[in-house]
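Below are two complexes that have chain A in common, paired first with chain B and then with chain C.
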Partner chain A sequence: MGIAVLMKQVPDTTAKITVSGGRVDESAVSKWSISPYDEYALESALQIKEAGGVDLIAVTCGPARAAKMLTDAAAVGADALVHVLVEDLSALDSTQVQAILAAAVKHTGADVVFCGKQAADTNAGSTGPGVAHLLGASCVTMVSEIAVDGDSFTAMRATADGNERIAVSSPCVFAFDKGTTELRRPNVRGIMMAKKKVIETMSPADLGVDMGGSSVSIDGHSPPPEKPPGQKFEGAESVATVVGKLRDEANVI
Partner chain B sequence: MDITVIAETTGDGLHPVTAQLVGAASSIGGTSTVLCPGGVGAAEAASIAGVTKVISVKGDCFGSFDGGAWAEALNSVASGDVIMAAASPSGREIAATMAAMRGIPIVQDATALRPGISVTRPIYSGKAIETLTISTPCAITLRANAFDAAGGGGNADVSTVNRSADVAVAVREAIAKASERLDVAEADIIISGGRGMGDPANFSHLNEVADIIGAAVGASRAAVDTWDEIPHSMQVGQTGKTVTPRLYIAVGISGAIQHLAGMRTSKYIVAINKDPDAPIFGVADYGIVATWEEALPALKAELEKL
Partner chain C sequence: MAYEALDFYDVDSLLTDEERMIRDAVRDWVEENVIPNIEKACRDEVFPDQWRVDLGEMGVLGAPLKGYGCPGLSYMAYGLICQELERGDSGVRSFASVQGSLAMYPIWDFGSEEQKNHYLPKMHAGEWIGCFGLTEPDYGSNPGDMITRAEDKGDHYLLNGAKMWITNGTIADLAIVWAKLDGVIRGFIVEKDDSGFTAPEMTGKHSLKASVTSELVFQDCRIPKDRILPGVEGLKGPFSCLNNARYGISWGAVGAAQSCFSSAKEYALSRIQFDHPIASFQLVQNKLAWMLREITKGQLLAYHLGKKKDDGTWTSEQISLAKMNNVDMALEIARMARDIHGANGILDEYPIMRHMANLESVKTYEGTHDIHNLILGHHITGIQAFRREL
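Take a look at the complex of A and B:
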């Protein structure tokens, strides 16, 4: 069985985002990382791979800098790496991104896809369900735990009322939420091996994807609205004052 | 412009966001046809002002949640130029699947719409705001509580259609939440604790305050990552939940950038921290420099007087 893990490189969640000239300044991002939920997808796939009989293919679509993320995935155990080179991912709409990723998954031969429930840049969550449809696969989102039994999986997913344990057969797509498992870090041997791992780099055209035009155009970015400076009080004796203000000034209690 | 609104349901009725979807559709000059999955809330949907038609979509597949099956059943009766749904986990999945089925683009988690269609959405969990233009046909999901709800008094026609699809995701077991406490994603008031609480057992003090004012209890990522007793479902921030309550009270939370990203759009923010230089004070409307040990009993006493 092959598991394709879809990964997106995003600004690290600790990174400051600056806007200049009406656009987010990507060159000012101090650190790029694998999107956090994709990390849980990768870790879950690694655990299934350890049980045996599974090829793990790390797949990304993005600019040249995203290659580092694939090498990092190899350092913790990804068997093969596929990079669909797209310099400006934000210029593509969801149909284009999904067409590329679905074609890349088909190219790997994987029948199971793991991905994050959403990427930490747009926080959309369209990719998992969209790719599932294009692949003719079932889709389960909000997954926190997973176990495999032959061609079938059982998974725990979050719902509005708690959790559900579900069962589904391959082909399927799992979109992961933050789980309880500890994420592994690469060891020195893994890092050395990963340096030798070849990344298969291709263009959307190499995959036979007819991109068409984007139906979405970005008009601009802006920083979040500034809050006016608040009022600050010293000591627990000011609690009464603040509660009074919440009642009379803010009218929220 | 015909807009197909996918009703957001909560077991036996409509989630309040459904009326907000209709309100948003009207605000960009759209007429709403509301699809009710499993027929839930159809009569209620018909009474929302601005709804021209309600289609109660009934089928076996609506007995449990399989986003692919729901999307297939709903898609067969959707005819609008725009598919609109709530940006809830299920709404996002259904809308994304329907968009892929129709080969149309989707933009998720909009917080403002203008005719055109111009969409505003937070990116990087609110560290920046993006404005984009999307051509129709398309799908858009909307953030709860970001749009004015349409009023009542409507009297739309309700029709019922039978549509189902093969269910691939089988539910083996449903596990209810450990506590009956309100979810932070749904709450109007949230009180959150950070690592400054010192010990997970001390969250009981937050629970006591929450009980008085009907608040949900949240936590920072540091608290969730440090203590097994604090589940991820409580986490507010970039890898947890993004929340917009009318009142957010942060206790013992320093205000890491990823926490601020998840709560800075709260209407009013109160911060309680013993460190006067904690970044959380930068977004607080009312800051109290004090230890939680001193401040929480005082807060409890004051709130009980209300």
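Take a look at the complex of A and C:
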């Protein structure tokens, strides 16, 4: 069985973001990382791989710099690496990215897909369900834990009422939320092995994906509105005012 | 904010992908595990056991050795590991240096096949800790006159003497002990449960507080005959270990200096005096520029020495220069960073005083600053200035 893990390279959550011309200035991003929810997906797949009998294929769609992320995945145990080279990912809309990723999954022959529930940069959250739709596969989102038995999977997901346990069989797509385990650290031996793993690089056209034009146009970007400055009260005489504000404006008492 | 190492001359671009990945993995580990916990470890004067486990799992212990479970990493990558560990704390780098360069290396280079197979895989994995006994209470810079003796008793060796300033001693499972057998310095593997061997911890240190420092005491310590290192005689044995450790220190010191520089730069930009950040004042900029200059030179020394280590074209004098220079510059940078931090610089909220106190030890151990100067003096003039009749 093959598990394709879909990964996106995003600005590290600790990296400073510079906005230029209404867009994030990618050249100013000092550190790029695997999107954190994709890390949960990767770790879950690695644990299943350790139990045996599974090939883990790391797949990404993105610019040349994203290749490093695939090598990082190889260093912790990914068996094969697929890179669909798209220099400007932000020029594509979600459905185009889904079409590319679904085609890449088909190319790998994997019938199970793991991915993060959303990417840490765009937060669209559409990749898992979108890829599942194109592959005609079942889809479970917000997965926090997963267990496998043959080709059937049991996934735990959080709902408003508590946790749900869902059983599905392949083909299936799981979109992971933060679970109980963090992505393992690579060790020296894994890193030394990683350089021997070849990244299969291809274009959307190689996969037979007709990109066409995007049906989405973005009218504008704007930063979130600035929060009004905090108010400060001193002395016992202000108690009544503070209580009034907490009750009537903040609605906390 | 993510830590961004100073790299003014883009040394990063000279590294291989593999070297960068290893550097980043160790950097992340230090960021997540050492930096948040180091002040407590220093206050409690312990080397957290979890760090031993983690370093073993990461595979960085004795990483440049090849075979016997060890990966055979480049010395460049090993240097980068030391740099990142010492950005956290010199005590963590000391742990790794002693394990890899001083305890594993002599077994790997001078040990028997049986010794290599028995000890090295477990030491690489961090399951067994090693230490290195050369320095004695009365013989520091002059180890050749050591008084620790081994006697051949037919079916075993009997060790008598004492070693001092031994990193990892009390927590070690085995010690590489250098002692004179019939007047010739030989290496012996002493295990922690050998009769007549004790390793009391030294207390009262103001430096390397998160590192275990011990005495090793041998009172009719009886060890089996197969625990002598067969492959070396004389000071060449311990000195070849020290060459590797000193090489690692030349990188480690850059890490400590980077930590001080990074803190000083951040502090100078945020500390307001006379209505402006102190970073806007010329005297502070002069200090920061000096730090940048010295760190950049130190990086280039370490990088080039790493190339020579990997090519096999290095000399011990070149290692002396890099160890001496880089520790010296790191210590000066720590002092200058303390100055920029003003009174805040003495608090454990900042890494400055800890690095400064650590570097005082690093300046002295593995060949003192002055001894390295004498090694270079000997190299220049052909006249050794260590030993004389007065």
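Criterion: the second predicted complex is superposed on the first by the 216 of 253 C-alpha atoms of A that agree within 3 Å, B and C clash if a C-alpha of one lies under 4 Å from a C-alpha of the other, contacts with A are read in each partner's own complex, and residues count from 1 in each chain.
Methods note: contacts are C-beta pairs under 8 Å (C-beta built on N, C-alpha and C of every residue); 3 or more make two chains touch, one makes a residue touch a chain.
All values derive from a computational prediction rather than experimental measurement.
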Chain B versus chain C as contact partner of A:L56, first or second or both or neither: neither
Chain B versus chain C as contact partner of A:N187, first or second or both or neither: second
Chain B versus chain C as contact partner of A:S238, first or second or both or neither: first
Chain B versus chain C as contact partner of A:S215, first or second or both or neither: first
First, second, both or neither for A:S126, with chain B first and chain C second: first
Touching partner for A:V82 - first (chain B), second (chain C), both, neither: neither
Partner chain in contact with A:P223 - chain B first, chain C second, else both or neither: first
Which partner reaches more residues of chain A (counting touched residues only), chain B or chain C: B
Touching partner for A:K195 - first (chain B), second (chain C), both, neither: second
A:T71 touches, of chain B and chain C: first, second, both or neither? second
Common interface positions of chain A, toward chain B and toward chain C: 14-16
Chain B residues within the chain A interface of the complex: 10, 65-68, 71, 88-90, 92-93, 96-97, 99-101, 103-109, 118, 121-135, 138, 168-178, 183, 189, 213, 232-233, 235, 238-240, 242, 246-247, 256-258, 261, 264-265, 267-270, 276, 281, 283-291, 294-295, 298-299, 302-303, 306
Chain A-touching residues of chain C, taken from the complex the two chains share: 1-2, 4, 17-18, 21-22, 25, 28-29, 54, 57-60, 63, 71, 73, 77
Chain A residues within the chain B interface of the complex: 11, 13-17, 19, 24, 36-37, 93-95, 98, 117-118, 120-134, 138-142, 144, 154, 158-169, 172, 177-178, 180, 214-225, 227, 230-240, 242-243, 245-247, 250, 252-253
Partner chain C, residues of chain A touching it in the complex: 12, 14-16, 30-31, 68, 71-72, 75, 185-189, 191-192, 194-195
